[in-house]
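Take this structure, written in structure tokens, and hold onto it; I'll ask about it next.
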């Protein structure tokens, strides 16, 4: 084995470090756009819906995609589906916000005292499995009929899911980060908001998403049961009414509206938050 | 400033390192038991319930805790509340299991391909906000009246919450652990089960808890819609029946049963899992 | 002159479900004002644990830790800590924000003053170009340097450093050591320093505590003037003396 | 003799939302069978990145990496990696299980054989007493040693080690270095080794690659026989020669 | 060639004494008996459903053969399906039952006296039988075009909750459009009846009906005939054996109501268990007037299958 020669080299200068990119094909470049892929998925789903509905061929049970879009369009022009949706969203946001607030208080307590943690765990395991109907009597006592009761039920559907996720996120925060936070002399609210919340943000975001979805579910279902007075009424009521009149395409139009709102919220709001926070911070890939 | 003297010491022998404990008072020792604190919380809650119900003083709206326990006891002895609960739990477990399975498939896809991720994100944001009523027509077309449809609705309530949590957990797994897993030549299923799942276990556990709770909610509510086909019917139908018979304490006894099951499952199953996994591994405090 | 930090008979233990680990056993030492106090000892002997106890993160099962005459019960910004772990930077803040945040919330400084100071120390650790990068975009050594900058910028009563230079290359390490000594010359702060390197201990420390292997007990306490002074009695350089002391029981074994 | 590992004109870049960081620029080197190849360079110069690229975790934007004539495209157990990070152990497995798992899934060994081998190497890194502890119960240096045991137990074609000894005290470090050389004597495996310590590079390495500061470029490649040989031309010891080369531009600055 | 008939039929009840006839059919296996008489073997599956939504979906998707519910529900279904092969029609009525608007507000003597302060509970706003009765009452009181005048006062509330809310005097509602047994309890507490379906519709009126699709009836004439015969026999049996019927109900519904309470209902002269559809056309005409259905049936016989055409319906 001959010894390899040693060597010393000159370095390239600073301005030589350009970006070197392997070129992509046009298809790759387009396909790399998330919204293109998602749009493709949506188109396929719509197609499957259309074809399956045609095959089922029962407008009264499962209308086609086109009939639904038609009814949706109609609902926008004449049926005030947008006002209905607006009405629902208004209530939803109130319930969501209050739910988040209470979840914040509970998890704040739970993280700072052992008793708070026991309390949160016990309450969550007790109340989370209870359906909205179980709250009806209390809701009626406390808020009477109407928006108050609806919001109460919404809070119930948001609160526990968000609290569970947030609390579990808090508990998973690395010991080192906790120690760093304490080192700065942070405690109580400052510690929670400046250390725990950002550190547990991926979990919290998931909680927010789940809470958001379940708030919708609950709202739609609850509008049928709870104190809808005929003047107002949101999307849930719209769906129920149309269902009773057997205007099934309109029923699906109502649900379609929920789906669209879901897609918009996910892609405009949650994605943006994700990109600006956890993704940017390297906390999620 | 006088220089401090240097020194060299003899070491104590190995057997000197006993456990040195500061003694705890009896109260502290008892209070340190989690179940004691939780029992205390439960007692206080029961007391609050009892007192508030007495103050409201309206058996038809909000029966007292004692009346509920009485009715629960009665339900066990004569009303077959336990069989009803058993019936519900059987269906619930089926729906839960299937939901978990599908969630596993979806997240498995989502973590291994970019397209899978888009698919999961899109489907979740579309379907998660839809209430069970929206699935009624499809459920009936596919499964007819009966358990099949109930399970379908249950799957819907479990699937998305679990998938969201699991997926977000997977995405938060540290880059180093991912690289270690890949280094062992793991890929596909092995990579997911041996690296991602344990690494994301805190998130997954939260998903399981939320899924469990929402399965209950959905089941109770769905049993009202789907009712009973041939046979006894579950807890949801029991509650509906009793409500129609205005036996409000029995209604609360049904809900009480749900609460007790919730507490049992949390404290016997989920706590144990937690203690044996994430807590033991130092992944949660 | 009374001690700034007085560690007296401190036994530290970790209790886990199935284990009880004694990390240090009846350790005592005194750190005086403006000491550069070095903890030296083999891996796993309880150096980090001791530092955490001084930081207020652990309560001794036996013995007391007093700082300026008051018993240490909880963490605080008067004892700024540089941890051994790479994940000690807040991932949601850039390099600059990480240092600034320590200053604004720990030292209660105004944003402007904090920014100026932060940039000053970031420059000292040679990371000006990366001031706006997030921690996950840094190499291991760069993260360590940010933590050092953060610790130094705080200018605390006592700085607790756990192997801060372990991830640094020879050149950067020397620079950082010099910066630390420079800063000490300027402000005469007190530092409690854990290291694995004997030459570093000799260079940085004014007083060196040697710990025995797990569980850590005090083996010796020595003075240093930073020059690897020759011991008059034995004629050995300090480095060698320490080496002998630490490796005493092992030398034969290694040569087997 | 053809190269086992051939790194040719490799440029590595990190693309983030608002930054593009070039970590290494057109680096080439060849690692022969049974080389103990050391990467030496200042903090942030791209050593870890280079190692990750060889590990198959990063694709060069320019240039190629070939192992045994085949281009590296993905990670695999033939290139066992010891990372720089402390969190490289699977937290849900004990020390023993961590090593065993690598063997059973990476090297496809039977459980019995894996257990025996795992215990053997755990003993070599002096952690027998902690074989049933979980990683979160270990000190920084102990974690590093488990990772070393795991890497060595795998006996891969090529072992990639990123500052494995940085967290170890002088004594433990020396022991580990000796173990590594001992193992090399036995099995003549190939190792690609990143370190910050020049003496360590000289002791461990048979060939040393010097990298320039960020972004890393090849500055020199030197031979070593582990004895800190005196260069016949300049009369300098190898350590000194390397020191000069690395610090060349900086010496005045440091002395300012 | 006649296609072979189904060997299983599925029928659904809702909760309450209204559906007693169906319970009798289930308990005494009357359909099976009549099927055997007609020469086929039939398995019958009974479902209990909580509400009309599942009922409709199940029937229209083919998961259910016989559904039951209120009159407006049948009329809507009929109108929506009359031009399709499904063509839903009634098999027969379950009963005539009084449905009464009961108020706790002493100032309300008739529907004209309701003010914005009042809240009227109906099972669901606008679409339920009760809501439609209220609209008809309003149309009679304020003129046809003002049929919706009282709608803003209505709130959706299931019967049990509504009754509790009324009795508890919480003020959440001041009136409840109730059916037995809830109306009994409320009247017993001294609350006043201000309107009643029998007055609004002009006589005894059908409350609940059983229906199926023409598709099913045409394809399975024997099974249909067996159901119809069983239905008739069950209705007959109840009228002849009230005590036994009450006991049967108590057993089947697993209720704690006493036999006396049940007998009180069965003996109530206002309640008839009869197959004959009554006043269905009044509702149908009203629904056409307010545009809920586009075309009304030419006669009540359009709404029902021929097996009840010989009865004195309306």
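To keep things simple, chains are lettered A, B, C, D and E as they appear, and every chain counts its residues starting from 1.
Here, contacts are C-beta pairs under 8 Å (C-beta built on N, C-alpha and C of every residue); 3 or more make two chains touch, one makes a residue touch a chain.
Everything numeric here is computed off the predicted structure, so don't read it as measured data.
Colleague: Which chain lies the greatest distance away from subunit C when centres are computed from Cα atoms alone?
Modeller: It is E whose centre lies farthest from that of subunit C.
Colleague: Nearest whole angstrom, what separates the Cα centre of subunit B from the Cα centre of subunit E?
Modeller: 41
Colleague: Return the distance between the CA-based centres of subunit A and subunit D, expressed in whole Å.
Modeller: Comparing mean C-alpha positions, subunit D is 44 Å from subunit A.
Colleague: List the centre-to-centre spacing of subunit D and subunit E in whole Å, with centres computed as mean CA coordinates.
Modeller: 81
Colleague: Multi-chain contacts only, two chains or more: what residues does subunit E have there?
Modeller: Touching at least two other chains: 53, 57, 61, 158, 164, 170.
Colleague: Quick check on subunit D: which residues sit in contact with 2+ other chains?
Modeller: 85, 87, 137
Colleague: So which stretches of subunit B touch two or more other chains?
Modeller: 61, 133, 137, 140-141, 224, 248, 280, 283
Colleague: Please give all chain pairs that are in touch with each other.
Modeller: Those chain pairs which touch are A-B, A-C, A-D, A-E, B-C, B-D, B-E, C-D.
Colleague: Under the stated contact criterion, what part of subunit B meets subunit D in this complex?
Modeller: Touching subunit D from subunit B are residues 174, 176-177, 179-180, 182-186, 190, 194-195, 198-199, 201, 277, 280-283.
Colleague: Mind pulling up the subunit C residues that touch subunit A in the complex?
Modeller: It comes out as residues 52, 55-57, 74-77, 79-81, 83, 85, 87-88, 90-92, 101-102, 105-106, 134-137.
Colleague: Note which residues of subunit B are touching subunit A in the complex, please.
Modeller: 34, 37-38, 41-42, 45, 56, 61-62, 114-115, 118-119, 121-122, 124-134, 137-138, 140-141, 160-161, 164-165, 168, 171-172, 175, 202-203, 205-206, 209-210, 212-214, 216-218, 220-221, 224, 236, 239, 248, 255, 258-259, 261-263, 265-267, 270, 278, 283-285
Colleague: In the complex of these two chains, what residues of subunit A are touching subunit D?
Modeller: Going through subunit A, the ones touching subunit D are 1, 3-4, 6-9, 11-12, 16-17, 19-22, 275, 279-280.
Colleague: Show which residues of subunit A lie in contact with subunit E when the two form their complex.
Modeller: Contacts found on subunit A: 58, 60-62, 136-137, 140-141, 144-145, 224-231, 233, 237, 240-241, 243-246.
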